[in-house]
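Note that subunit A is present in both complexes that follow, paired respectively with subunit B and with subunit C.
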Partner chain A sequence: MKNRPTTLLLLLPAALLVGLLFVLPILGVLSLSVYGDSGFTLGPIRELVGSRVSLVVLERTFWQALTVSVICVVLGYPAAFFMSGLSTKLRAYLVYLILLPFWISILVRTYTWIIILGREGIINRTLAAFGFSPVQILYTDLAVRIAMVQILLPIVVLTCLASMLDIDKGLVKTARSLGATPTQAFVKVFLPLSLSGAATGGIICFILCLGFYVTPALLGGRRSILISNLIDIQVHQSLNWGFAAALATALLIITLACLALFRLLTRGRTEFSSLGVGR
Partner chain B sequence: MRAVLAVYFTVLVLFLILPLIFLVPISLTESQFLEFPPQTLSLRWYSAFFDDPTWINAALLSFRVGIGATFISLTVGTLAAIALVRAEFFGKTALTAIFIAPLILPTVILALALYIVFLRFRLVDNVLALTAAHSVVAIPYVVMLVSGSLRRFDITLERAARVLGASPIKAFMLVTLPYLVPSMFAASILAFFASFDELIITLFVSGGAQTLPVRIWNDLGLKIDPTVPAVAVMLTLLSVSGMGIGELIRRRNERRYNTITSAEV
Partner chain C sequence: MVVNGAAIEFKKVRKTYGNFVALESFSMNVAAGEFMTLLGPSGSGKTTALNSLAGFTDITSGDILIDGVSIARVPTEKRNIGMVFQNYSLFPHRNVLGNVAFPLEMRGVGRAEIRKRSLKALEIVRLGGLAERMPHELSGGQKQRVAFARAIVFEPRVLLMDEPLGALDLKLREAMQLEIKQYQQQIGCTVIYVTHDQGEALTLSDRLAVMDKGLIRQLGTPQDLYDRPNSRFVAEFIGLNNIIKISGSKHDGAIVDGLGVIRFPSEIQPSQGYLSVRPEHIRRTPTGGHPAIVRQAVFLGDAVRYVVETRNGAELTLAEPRSGENSSLDPGSEIAISFEENRLIHLPE
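Moving on, here comes the complex of A and B:
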């Protein structure tokens, strides 16, 4: 299709919709963080850097995202490894199984954890039945972390799996025929080749963690709120728009930085896959 | 080693589907309160949902907004996908990234941004504006699925139609479009549920209007009665069956049109 007007006409509706309701509004948020009623101002940014609350919440968001991503990779990698060794047909069914929770609303999935972890919840009543004292998990960072891992794990498993399936199986066989033990073949050949896929999954997970709102709001206490919740509070309770915009800008910049890292990793990945090494 | 991994994998899957394991029995309780396992089974809380006009209205609003957002995102997204696959132009990568971006960027940023715009143009509590906002969240699915399917399409079929005398538009409409229909169907199911599940943007811009997720959200703050599990089970049944049907249709179509491999061999 070399017809310019047709191309333009095809793109116009979507570009208009996304331009008016995505790009321009976000640019508006960016400008709101540096423009006040009286023109250019560094007020909101200064407020952001000077505010203890926002620094604490930013730090907490970072740590929650990091721990959740690491846990997801550590739990997800062996699962993906198991799936990579199965027949194509069986693997396809297991992919559906892994994706099943993905089709349940996040709100619902989070809500279930209230039932499981709550004071009168399933875990505590089971503990009580055996004579143990109840544990406080709901409304702590731990509850938020458990639920986030459960929500994000399918993504990490499938990303790891995709990179494992890219690996040329002949490489492992070659290592074995050259005298490596199964463990050596795994550690020296398979693991390094699949590591970039695991890292990719971890970064996607990290990026998605940064934006979590429902889970910390429902399962966390007052002291487990993440940056999304803080933005919400600034808008709906403190009515401090400039500050909310500065927080959103910070969140946007961090997300974009992670995406840049992600692109760097995925670009490097092709040379490790079967296409690069195998030929 | 294999056995250990298999056991581990089973435990992991159980952890993943834990919500379903508990949700279904809890929603079937007879009691006033959440209990697991339920003493007596009943559909009491399912009928409670249908007897409460606020739940019904929330569900109806969600359907209205969801269907509208699906229609908008499917139309504009499919047109854009055609241009993105078939045409070469400056800034194509950047434009693709922007269409996909709503899926990746933290939703709260978009929610805040839209809230500011909606306040300025008095669009808060406007169902049409909410529908348009939801269609932005749904577009990534349409662009990804339809452009993916179009890329797999064997273009020689369309060329054959052209050689046999069809105009470019006619060739596209009669040959390529039928091939795209199943992926458009799958995309519209994903788009619908992207809207149907959307909470954060709706909380920011809907004013007082309650979609189903907002109604659930508001209910969670007040009391915990078993209506929410009942709604959750119904929602899950709806989305799992919808996506299942979409996937089945997509796979059947891929098999029918599997011409590329045979052409290349």
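Moving on, here comes the complex of A and C:
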């Protein structure tokens, strides 16, 4: 990379945009958590640490994000693997299909789940037809989780697929010629080389989960709200901006901490060297 | 380590992709411990032939035998064939030692043994000091050596190499050729080597097969193919050659374009096809011969190569060894040339 002033200049528009529209507002919000009407204060932070509700919601948000990401990777990786073996044409059709849900608003997709999971919904009616008693899925963490997986799965599939298509298929053949069975070739060559893609997908998924708002608001009960919903309540109902800012700060710190942890765990693993966060 | 090479037999192997024929009645016997080369232009089916032996390609018909046993139903990983690929194909997530150890790991060899044998293989290719390096930290020549070490570490009886030196520069390529040949002679494994470089093929091979469009055009020792090419294709592919059309015959010789009547060393004089003669088998003569004018003189160090034109318009290249201090002829000089009669070859096609 050349670092001449002229090439740095090319970075300027993007840097300005990010600076003005992203970094400044964030700093503003973050500062709200330590600056009140009467100057510097630790009030909101003290309030946060003392608030059982906030801690429970934070923990729940973290758990939801983790489980949803793991489920997405577990479901998405094999799907991507299957797609990586198809002909280019067939694969293109499948990618269209996978992207199809993005044409429909998240709101609509979320409401659809109410029809499926509700008390009079498809699942419960089917159960009733077989003589089972209805189950409560809607307005639980499970409903939120199911809908989040549905929304995020395409992203994980496509991230995994991109990294798999980058793998030189000749390497698997090479492994076979060197004495590896098809399973061994997968485990020893393909899997390690596609792991970074799976990890990237998982991390993107995790970070997106932390910010989910509509889904928990519509499908979760009062006991399944996530941090975004709590922040919303603080801003719109309690009008407690300082507390909302403290929650946002906590969310940001958790996100960064998770990235740092991942970086630590994969340090020196060459599988992740292509991933910015791996080294 | 010494292994007994395996004998390999291709029996009328045919491979088609849709309507396209990549390999046609490909038959070839490779003796145990022999160094066989497949030589041919790009797209002539060399890789297809290697891949069908290695198990990457299912052949359409025919059979391949190793030591007399058909490998049709033997999966790739059980064929025990070492293979070196043109693009090296090193595992990017494993270091040099990890790459070389791979075949041994797959065979369930014990840890200590793996390390010992892998390091020994690296010793052979003189890369002992680089065991911990990652592939992307290696030069092209070093990658090539790692790929070679990985292909021989499990002591396969057959070693396949698909243009292994294609990506290296000339000097390195020549050095590696010698090393490959030395290694093969020491170990005794059977080698099938693919190249499109005729010089490399002549240097390395016990025998070579010249391929074109999925067919073997000629198979023989380097000397056979150099001295007695059976077709214009082979004659042009191997070494420098003068090839001139024959347009008829008389009782005492063939009528060759631009040269007149030329007598072949055979009983019956050909009436069509081509005359082929190597540059080193054309001489300058003080008397008689065919008058010609020097068009170009190229100084080659130990020899001078002249491009001359005969009075009737045939263009010929001749090579003359340099002896003493004599300077080469200037373009425009008038000379007379004659052929070493028993080195004249008739190419039917």
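The working rule: the second predicted complex is superposed on the first by the 227 of 279 C-alpha atoms of A that agree within 3 Å, B and C clash if a C-alpha of one lies under 4 Å from a C-alpha of the other, contacts with A are read in each partner's own complex, and residues count from 1 in each chain.
As a convention for this text, a contact is a pair of C-beta atoms (placed from the backbone, for glycine too) under 8 Å apart; a residue touches a chain by one contact, two chains touch by 3 or more.
Worth saying up front: this structure is predicted, and the values here are computed from it rather than measured.
Looking at the shared chain after the overlay, A:Leu127 reaches neither subunit B nor subunit C.
In the superposition on chain A, contact of A:Arg176 is made with subunit C only, not with subunit B. In the superposed model, A:Phe22 makes contact with subunit B only, not with subunit C. When the two structures are aligned on the shared chain, A:Val95 is found in touch with neither subunit B nor subunit C.
By the touch criterion defined above, A:Ile106 reaches subunit B but does not reach subunit C.
In the superposition on chain A, A:Leu218 contacts subunit B only, with no contact to subunit C. Of the two partner chains placed by superposition, only subunit B is touched by A:Ala14; subunit C is not.
More residues of subunit A are in touch with B than with the other of subunit B and subunit C. Of the two partner chains placed by superposition, A:Leu261 touches none, neither subunit B nor subunit C.
On subunit A, the surface touched by subunit B in one complex and the surface touched by subunit C in the other have no residue in common. Residues of subunit B that touch subunit A in their complex: 2, 5-6, 8-9, 12-13, 15-20, 22-23, 26, 34, 36, 72, 75-77, 79-80, 82-84, 86-87, 89, 95, 98-99, 101-102, 104-110, 112-117, 132-133, 135-136, 139, 143, 193, 197, 199-200, 203-204, 213, 216-217, 220, 224, 228-229, 232, 235-236, 239-240, 243. Residues of subunit C that touch subunit A in their complex: 54-56, 75-77, 79-83, 85, 87, 89, 91-93, 102-103, 105-107, 134, 150-151, 154. Remark: subunit A residues 1-2, 4, 6-7, 10-11, 13-15, 17-18, 21-26, 28-29, 32, 75, 78-79, 81-83, 85, 94, 97-98, 100-101, 103-109, 111-112, 114-116, 120, 122, 150, 153-154, 207-208, 210-211, 213-214, 218, 227-228, 231-232, 235, 241, 244-245, 248, 251-252, 255, 259 touch subunit B in the complex. Interface residues of subunit A facing subunit C in the complex, by the touch rule stated above, are 168, 170-171, 173-181, 184, 188-189, 192-193, 270-271.
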